[in-house]
Amino acid sequence: MSKGTVVLAYSGGLDTSCILVWLKEQGYDVITFLANVGQDEDFKAAKDKAETLGAKKVFIEDVRAEFVEDFIWPALQANAIYEDRYLLGTAIARPCIARKLVEIARREGAQFISHGATGKGNDQIRFELSCYALYPEVKVIAPWRIPEFYNRFKGRKDLMEYAQQHAPADLYMMTKNPEDSPNSADVLEIEFKNGVPIKVVDVKQGTSKSSPLDIFSYLNLIGGNHGVGRIDIVENRFIGMKSRGIYETPGGTILLKAHLDIETFTMDKEVRRIKQGLGIKFSELVYNGFWYSPECEFVRHCINKSQENVEGKVQLSIFKGQVYILGRESPKSLYNEELVSMDVQGDYDPCDASGFIRINAVRLRHRAKLSS
Amino acid sequence: MSKGTVVLAYSGGLDTSCILVWLKEQGYDVITFLANVGQDEDFKAAKDKAETLGAKKVFIEDVRAEFVEDFIWPALQANAIYEDRYLLGTAIARPCIARKLVEIARREGAQFISHGATGKGNDQIRFELSCYALYPEVKVIAPWRIPEFYNRFKGRKDLMEYAQQHAPADLYMMTKNPEDSPNSADVLEIEFKNGVPIKVVDVKQGTSKSSPLDIFSYLNLIGGNHGVGRIDIVENRFIGMKSRGIYETPGGTILLKAHLDIETFTMDKEVRRIKQGLGIKFSELVYNGFWYSPECEFVRHCINKSQENVEGKVQLSIFKGQVYILGRESPKSLYNEELVSMDVQGDYDPCDASGFIRINAVRLRHRAKLSS
Amino acid sequence: MSKGTVVLAYSGGLDTSCILVWLKEQGYDVITFLANVGQDEDFKAAKDKAETLGAKKVFIEDVRAEFVEDFIWPALQANAIYEDRYLLGTAIARPCIARKLVEIARREGAQFISHGATGKGNDQIRFELSCYALYPEVKVIAPWRIPEFYNRFKGRKDLMEYAQQHAPADLYMMTKNPEDSPNSADVLEIEFKNGVPIKVVDVKQGTSKSSPLDIFSYLNLIGGNHGVGRIDIVENRFIGMKSRGIYETPGGTILLKAHLDIETFTMDKEVRRIKQGLGIKFSELVYNGFWYSPECEFVRHCINKSQENVEGKVQLSIFKGQVYILGRESPKSLYNEELVSMDVQGDYDPCDASGFIRINAVRLRHRAKLSS
Amino acid sequence: MSKGTVVLAYSGGLDTSCILVWLKEQGYDVITFLANVGQDEDFKAAKDKAETLGAKKVFIEDVRAEFVEDFIWPALQANAIYEDRYLLGTAIARPCIARKLVEIARREGAQFISHGATGKGNDQIRFELSCYALYPEVKVIAPWRIPEFYNRFKGRKDLMEYAQQHAPADLYMMTKNPEDSPNSADVLEIEFKNGVPIKVVDVKQGTSKSSPLDIFSYLNLIGGNHGVGRIDIVENRFIGMKSRGIYETPGGTILLKAHLDIETFTMDKEVRRIKQGLGIKFSELVYNGFWYSPECEFVRHCINKSQENVEGKVQLSIFKGQVYILGRESPKSLYNEELVSMDVQGDYDPCDASGFIRINAVRLRHRAKLSS
């Protein structure tokens, strides 16, 4: 008799294939779910494999469009970066995948979910917190934390981990080595509204993209071709270990630079400061797996509010791993060439600056006098 | 009869030369001070010019070493960046120059100081707040805020401003255009102690530098040669205007990337988080001119404390405007390859992660149940 | 010929009466505006006085209801306190008065506004920033910053200032000395919705109030009778001076305690943390006069969003200057007696806590081992 | 044969007595440790009981002085309050007790420690994180998280918990009901240096105390007699549950008010702002059990640095549950009566305020013009 139904987050790889078989051995009915978030994968082969290995049902869903719109765009609005460097690609994908997985689990009446994330990583947390938040009664089976499983299969995981840690050169899938990238720049214009891109124009090609998924895919292509967005870092996992990570986020890197630029151009200075703090908070929450938490929802709401006037066009060139801002324009620009220039005085009286400075100096001078 | 003695922060250019003459016209004795912070300048010619124009005394001081050690190093420890992009080069130079200027003013018995910063910019604030903090009785003469002066000389300033705003290509003095930079990377190893570099080795050349000034100059050279650290941004001035800024900080950019790397490698995760917030605060303070404020001193003290274990070596390559981290090592590393790897379990029990996740989910699940 | 029309924020006192006369002397048409924000004032007498002194028009407006709803309620939602102690009463009144004053100035075609705030205080800033933000073309006449005025009238101001600084016992207008307050407590129940009170019931009297103004007035009355909300502090003014302030906010103090209680009862822990930071920011902004700034609007929006579920009833007793929370109840309570109790285990497995603790200890133990 | 030696944090109550017996049943040698942190306890009786129940060794240590100096004083410097209301009394005691317990465990060669904290509370976390940080190899036995134990003894715990939750009136041990407290105030003068009290003078009695423990005990006595420091709150536990807490901290409340006062009097405004943020962080860390973490050490260091000039005397009266500040004086005062007064103009030019305000209004006016 079945112990119940499990929906397994299936990757098509050896790892989750082992889990599929093991779950069946343990007496579960197994449904596999493989999300297409844009990875390079033979989905047909994965489906056949899962069926061959005994999956009761096999779901493969293209969640690319919702991944971009519901997850990447809010992260972009936040200028999300973890520990000053990591653009959170994987971290953002987890809640997207978990949402669909929970949807399937509820629909299929599954009481269990399972995944192939390891017992020391962040992904187990991101995945499970998302599932618990969306399906609080669910039971999680995490084989890499179950001794009978990991003692039996440890060898394989080790191999993969080892490969990942020691062969970084092969790890880059989307980006060319900048040394091998084109010797002339590509020039793009990205148009934003409400802090998200609504159009990208390839200036040299004369082509353009307008749907979120098309925009993001195109920027991944161009950025990848120019070797943009590779990093090799040591980061702090939520569980308190440091780990080495090698990442590539070509499209994300281009968008972050462009968004930062148009945001500073159109957003009030002091709003920006408060929003910067919220963005750092957002990044920590997402990294740690709290996408579906009240605080992350709250922060997303606030950040989204801050983006109301973040619109306009940014011109940039992409060359040898770098993104250069060439210029920007916006109907909501707060940059006032007249106000800032020397030749037009307008409403600004330079004498005011003397008072401004002297008042700012009141406590500094008072203190200096006391201590002398 | 003289109205008193002014020490003028002299640049050698047309601008402060006009001020020199004008101050004399107004009845002041003028002492000029020109600080060598590493800019490309003919100091001998500047001296001659000032003397010719009637300066009572002319001081030229090489403050490069103290600039690097007392100002750039603390900024590096802070990972100082203003509004996510600007590395604060100019902002850091002001308090260095002002300190020496005040020293001269006190020594020479001057009651006044003067400078050529404009009435809409940040430098007037940085300069004057520094002077007021170090010499609270001083009187500031800021000609660009005095109608009789600026109405007379406005044309010249305009020209310069115009040039600066509309000819960015010529503005870069230290950095090559990445398109014209070498086609092969340079590889460096930078060694840190207490969060500041103590040695840089050029791996291909086999050469090394060890004094702060030598290290910084060398990184400027290498970085400049590879076109590192150019940015074109719109930033928010302290006085609440947005302005366009074009900056190049080749050495600073390399150091920032290297420091971020060794810091994350050796610093506790949660200390890093708190310190990140202090670094943002530090950057705002410095940008706004508050180097010599109690809060900036306090923040510097705290940040310096955080750097106690920030030591080790970072390997990096410099290529076409980019800095790539190749690796890092440290006697104070908190990265534990054994702890983080799958094959050695050691003291870590993966089952603990289940409890960790479930406790983190307590409030998320509770809320989900309430709202269903 | 008139220099133009000034709207003067008139208090009815000697101070602004002098200003009225002086402005006329200077050649302005003067319109006086006196706002009723609940102060103890003979408005009829003030009107007569202004007219007698030559005001062209005299406006007296009861802004009490909008003061409570549009200004005090948002401050309450924020738990606004400046420097841990000051409840910002005066600071909140300024933007309320300024809004009405600008409305009058625009309607009457006045190009100028004037006020009686001194040149070292916060109120000049709060008042003028509000006016500039709402009426950017307006010109401000601040006589206490104009030498001809203040050199002539200084004596009078001094007297008042002196009295204020040296006779605190007489300063309290709304609150009894707790030593003379009733010897038995009053018991209230305050009901909140969206983080603002919608009803207060006097449990012993059996009476209740429901309009914002009635609620606030009643709490001032009860709190005042029990000597609630007196403080004697040194605070930091925006301009960087420390000053002594003696304040009484009986109703505000009761509301703050009640709001804090119902908020913690109904708001998620981590949302609360983020919101606490925003509340501190809000308090600084309001203290410094930035009510009508983009950042303050942004923060108010975010705080208001956080209050969606802040509803329920708080019971409290008021006695001898103190407010004691007796209990609270809410349909949106996140307090779960079952979850937290020992006898019902429910869904909570205590073993999870072991994992939670051990994972939190990972980096602490690792560090301890390294340093031993 | 013994499974090893356990040091049990013993309270003398039924609870930990059961644990003692149970641990022996399980085959451990049990050493009990009872810390005197100032609680009302018959230590002799506790000792006899532990011996009777079979403790191999019984340690009772008076840690009151180090509790005050090493734990309460740093919390006071931080103005530590959790969630705006809770003064962290218990939370601060845990790391103090744990430190001594670890000392005993190491000295006695015990591999295990045990305690009577429940599986849903904060104290288990505070206790264990402290032990893991100080003795990373230690093994923790937490019986209230072990099913065999808690299933057997649950009834007893329930009873106690029930009593604690439903009989708050009896819970107050140190403080009188304010309704029954004296009808005349006591007046104290507390002298601070480096942000901690060095002397308290009872002005009416003419007595004084100077050692940390004497000062703290005396303030507990006086505060308790006047009913100071009672609160009834709902708070957020680290594990994400809300729980009701009823606390009394008479001495701590007096000290907090006095410290806040002298701190604002002597500390620069902007340092205070940064330090306030650090204090909130400190409070969360301590509440959550991270006293012995790198981040808490870092924050303590920074806060301690901020206290360098926090010295002087605060006069206050204590009456019916309230603490009223009467005045303060300090050799390090930054309050300048002359600077702030109207009658002495000194170095301050009121006209500067106009410039200060107008520059602060630049972006507000610019925005208003754009949107009109």
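First chain written, first letter: the chains are A, B, C and D, and each begins at residue 1.
By definition in this document, a residue touches a chain if its C-beta (ideal position, glycine included) is under 8 Å from a C-beta of that chain, and two chains touch if they have at least 3 such contacts.
Chain-to-protein mapping (UniProt): A, B, C, D = Argininosuccinate synthase.
All values derive from a computational prediction rather than experimental measurement.
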Q: Can you grab the rotation angle between chain B and chain C? Superpose on CA, round to the nearest 5°.
A: 180
Q) Are the two sides of the chain A and chain B contact the same residues or different ones, given that same means over half of the numbers occur on both copies? A) same
Q) Roughly how far is chain A from chain D, going centre to centre by Cα mean, in whole Å? A) 40
Q.
Rounded to a whole Å, what is the gap between the Cα centroids of chain A and chain B?
A. 30
Q.
Quick check on chain D: which residues sit in contact with 2+ other chains?
A. 239-241, 268-270, 273, 277, 290, 293-294, 334, 336, 339, 348, 351, 353-354, 356, 358-360, 362-367
(Q) Taking the touch rule as given, give the residues of chain C at its contact with chain B in the complex, in rising order. (A) 268-270, 334, 336, 339, 347-349, 351-356, 358-360, 362-363, 365-367, 370
Q. Taking the complex as given, what residues does chain D use to touch chain C?
A. 79, 83-85, 118-120, 124-125, 128-129, 132-136, 140, 142, 144-145, 147, 150, 154, 157-158, 161-162, 165, 178-179, 185, 230-237, 239-244, 260-261, 264-265, 269, 272-273, 276-277, 280, 284, 289-290, 292-294, 319-322, 324-328, 334-336, 339-343, 348, 350-351, 353-354, 356-358, 360-361, 364-369, 372
Q: Flag every residue of chain B that touches chain D in the complex, lowest number first.
A: 239-241, 268, 270-271, 273-275, 277-278, 281, 290, 293-295, 298-299, 301-302, 305-306, 359-360, 362-364, 366
